[in-house]
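Going in written order, the chains are labelled A, B and C, and every chain counts its residues from 1.
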Amino acid sequence: MKSFLDLADLSTDKIQTLLDLANRLDAHPETEALRGKVLSLLFLSPSLRTLASFQAAMTRLGGGSFVISPDMSIHGLETRPGIVMDGTAAEHIREAVPVIASYGDAIGIRAFAERKNLEHDLSEVEFNALIDLVDTPCINMESAMGHPCQNLADWKTLDDYDVPASGGKFVLSWAYHPKALPLAVPASTLYTAARRGMDVTVLRPDGFELPEPVMRKAKDAADASGGSIVESDDRRAAMDGAHVLYAKSWSSTRHYGDRLADQKLREDYLDWCVDESWFATARDNCHFMHCLPARRGVVVADAVLDGPRSIVIHEARNRMLAQMAVLYELLGA
Amino acid sequence: MKSFLDLADLSTDKIQTLLDLANRLDAHPETEALRGKVLSLLFLSPSLRTLASFQAAMTRLGGGSFVISPDMSIHGLETRPGIVMDGTAAEHIREAVPVIASYGDAIGIRAFAERKNLEHDLSEVEFNALIDLVDTPCINMESAMGHPCQNLADWKTLDDYDVPASGGKFVLSWAYHPKALPLAVPASTLYTAARRGMDVTVLRPDGFELPEPVMRKAKDAADASGGSIVESDDRRAAMDGAHVLYAKSWSSTRHYGDRLADQKLREDYLDWCVDESWFATARDNCHFMHCLPARRGVVVADAVLDGPRSIVIHEARNRMLAQMAVLYELLGA
Amino acid sequence: MKSFLDLADLSTDKIQTLLDLANRLDAHPETEALRGKVLSLLFLSPSLRTLASFQAAMTRLGGGSFVISPDMSIHGLETRPGIVMDGTAAEHIREAVPVIASYGDAIGIRAFAERKNLEHDLSEVEFNALIDLVDTPCINMESAMGHPCQNLADWKTLDDYDVPASGGKFVLSWAYHPKALPLAVPASTLYTAARRGMDVTVLRPDGFELPEPVMRKAKDAADASGGSIVESDDRRAAMDGAHVLYAKSWSSTRHYGDRLADQKLREDYLDWCVDESWFATARDNCHFMHCLPARRGVVVADAVLDGPRSIVIHEARNRMLAQMAVLYELLGA
């Protein structure tokens, strides 16, 4: 494994190896595995879990890390190519990224979607431009369309809770949120559940269909794994017999990059806040998953998030374990 | 020891064990003791000594740490229970705290008093709500009423300078400060000096009495340890024969939560800035202590802070050593 | 070696030892060398390379570090001596620096020039006041007039690219920048190239001569090492036969501390942006160096920075290696 950018780059055997390794490292710490190794962490977008869990992961394996983010007292980072830098920013990402990478044995990069142009974001134009600047192994800490660290952690979480792969019913549901959020988590979560061989329903209101290339990639994965994908805006039908409800808000594909139009559209769906009534037709022990952060009373009711269905803290802890496996594979002797 | 929340939770033997351990780890470093162990550090209030000394402590013991604070590029943390999160904050502390804790073997939490309601702060309502969210060992890095890391470091400092326990005279003095500061340090310092068996005088102007439950807790400790507690607003009498002057500003109990009334009251006491004249009746080598930060020329005169009485840097370094002992006890094999 | 403050403090043998050590530690990592050792990092000015490379360096040697910078949620740092602290800042640097230093085995400090008074900055009044507060080994992470970590990395870079010492031609050129930048890099780079025995030309427009004490110190070094120093504002002549063009903007000595006058003067030299035409009279493989950050299209054209002459990323990586050598010498057993 040279880099960790997208689960779609990995064979099923490799994914299984990472999952096994995550479990092994949890049960049997290897505190000398990455002795003296350094992970560079570059955040161009906010973070809490990723920021904390990668630092913890490197420490647990005997190495270390450093963090660069734009909120620090650095020189101001310019990202636009070809620009004459006579404004505020004193450093261009074209130097900053390879320099930061040169201090580490691997680099993790987070850069959310610009959300101006859908084609642009679907092609990962910006993220690819960043990783093209780097020679060392790269880890996608969330790009425009991908969040493979979350995906691997989610896969492990489904395994941990004995949710069946074949025959497991996974509902990925849109939820209301005051802002138009990126597609990275829903797009890559959909792919992951399909890749795992599950029967996936995308539950979303009219106007919040996921982009066609995202659906197609996931359907191809489902075809290969024996899973399936359907879309619905009928909550009761979608949730019928579900093992898992995975909630996440995302922006409207129809109005991508047009915040006002997206805002207007989403205001009709304020009631898309997950509460216990959503589970009426689900299996009794249907789990609630969310990548976090989750807005309480907006995306999900307190009673669900604090109740026995919620496995979000376990899911978040799996971020660290999944990333330890990735780091071990990328940097281990 | 499961957690480290308040010296009052610990037996005198346990306190002595921690003090001995702090000295041992200073003299004989154990750089493998916490190999691969992670300390999560959550700051909901500003810090310098605590921020630096806990990171240094973990490194010296062979482990590591990570820091989360609201000034970082995280998602905005909501602390109010039961709120509908349709504002700026994207993440609730109810998820953030257990998630952060799940990446570490122990968690340190700092959350200053709200300073709206005294009963509320005296009961540690907020801090207890935070630690209730956590399964791993917790360290109080300063709560509404407690600062046990400072207290243990101060105890060690008194030992280091051979200040007698029985018969040692400890003056805890209010000092002027332009802001109404929390009670955590004065309340827990008073307890600590009493617990150590010292004769303690609380020197403060009228209106700045410490709350009755704080005085009572300390008096009970003094009764058990053979120490004593008196209050005074007479500087010369209070300082008579003193071994130590421990200065600290705090807010008025009388006007707790009422910043304007507190402000009005304290403006009468601008002369409560510790200078050499304060030591006229003290022992010749009476020490000056302060937890820092200290406003020069406001809380204490430069000549005292820079002079031979001042042991504040030694005291601050003891923070690291005391915390190494606590971490070793909580996380060591 | 007690501290690392200025290459001028070191014998030529010691410099060679550090360069050899940097190469050795790159080829043969010593991940136990600084086991359990702590480096305190205090940034009073912005940083990216220094911030990242020192953290990485300590991890690679088996130790750790912590960072304090004013953008953090600390208490606000006052630097003015003798002030009555009744304003915003709650902590004086006179306590903060020794406290931070007390947690580490060495301390790195960055404090840019005030740029109000040239004599003041040339005498390193502020930086010296800071290091006078510290007992532990100190590293200059950039002061008013020095940047020895950069200098050592640059020396190594010249060696790595087989640029001759004796007979090597080194052009240090001023470049346009919208702001009046400090003199630390040009002053100490000039000294370094002269100390290495190179023939150095300072290329700068009228009004941007370096201060006389800076020139004199470098000329003395050149005299001792067999190098030479000349000044010129004639680009073609200066670049004739050059092995290296080292670009950097700096403020006008003539208008030091007078930003408006400096601004007015520099606006005449907007064309001092390094592009390929600058190399017309240079050696074919003349290298382009810059300490970074570099403003693209302002200080240097994209084609040069992205082209084969540019060795700025290699140069930046050498920061880490040079600093590993310094840390190993200061803190190794």
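Brief remarks follow.
By our rule, a contact is a pair of C-beta atoms (placed from the backbone, for glycine too) under 8 Å apart; a residue touches a chain by one contact, two chains touch by 3 or more.
The shown structure was predicted, so the numbers you read here are calculated from the model rather than taken from an experiment.
A rotation of 120 degrees, rounded to a multiple of 5, brings the CA atoms of chain A into register with those of chain B. Different-residue interface: chain B and chain C share under half of the residue numbers found at their contact.
Per-chain CA centroids place chain B at a distance of 40 Å from chain C.
Touching of two or more other chains is recorded for residues 64, 71 of chain A.
Residue ranges of chain C in contact with chain B, taken from their complex: 35-38, 40, 63-66, 68, 71-75, 78, 82-86, 90-92, 94-96, 98-100, 102-104. Taken together, the chain B residues at the contact with chain C in this complex read 29, 31, 43, 45-49, 51-53, 55-56, 58-62, 64, 69-71, 178, 292-298, 302, 305-306, 312-313, 316-317, 320.
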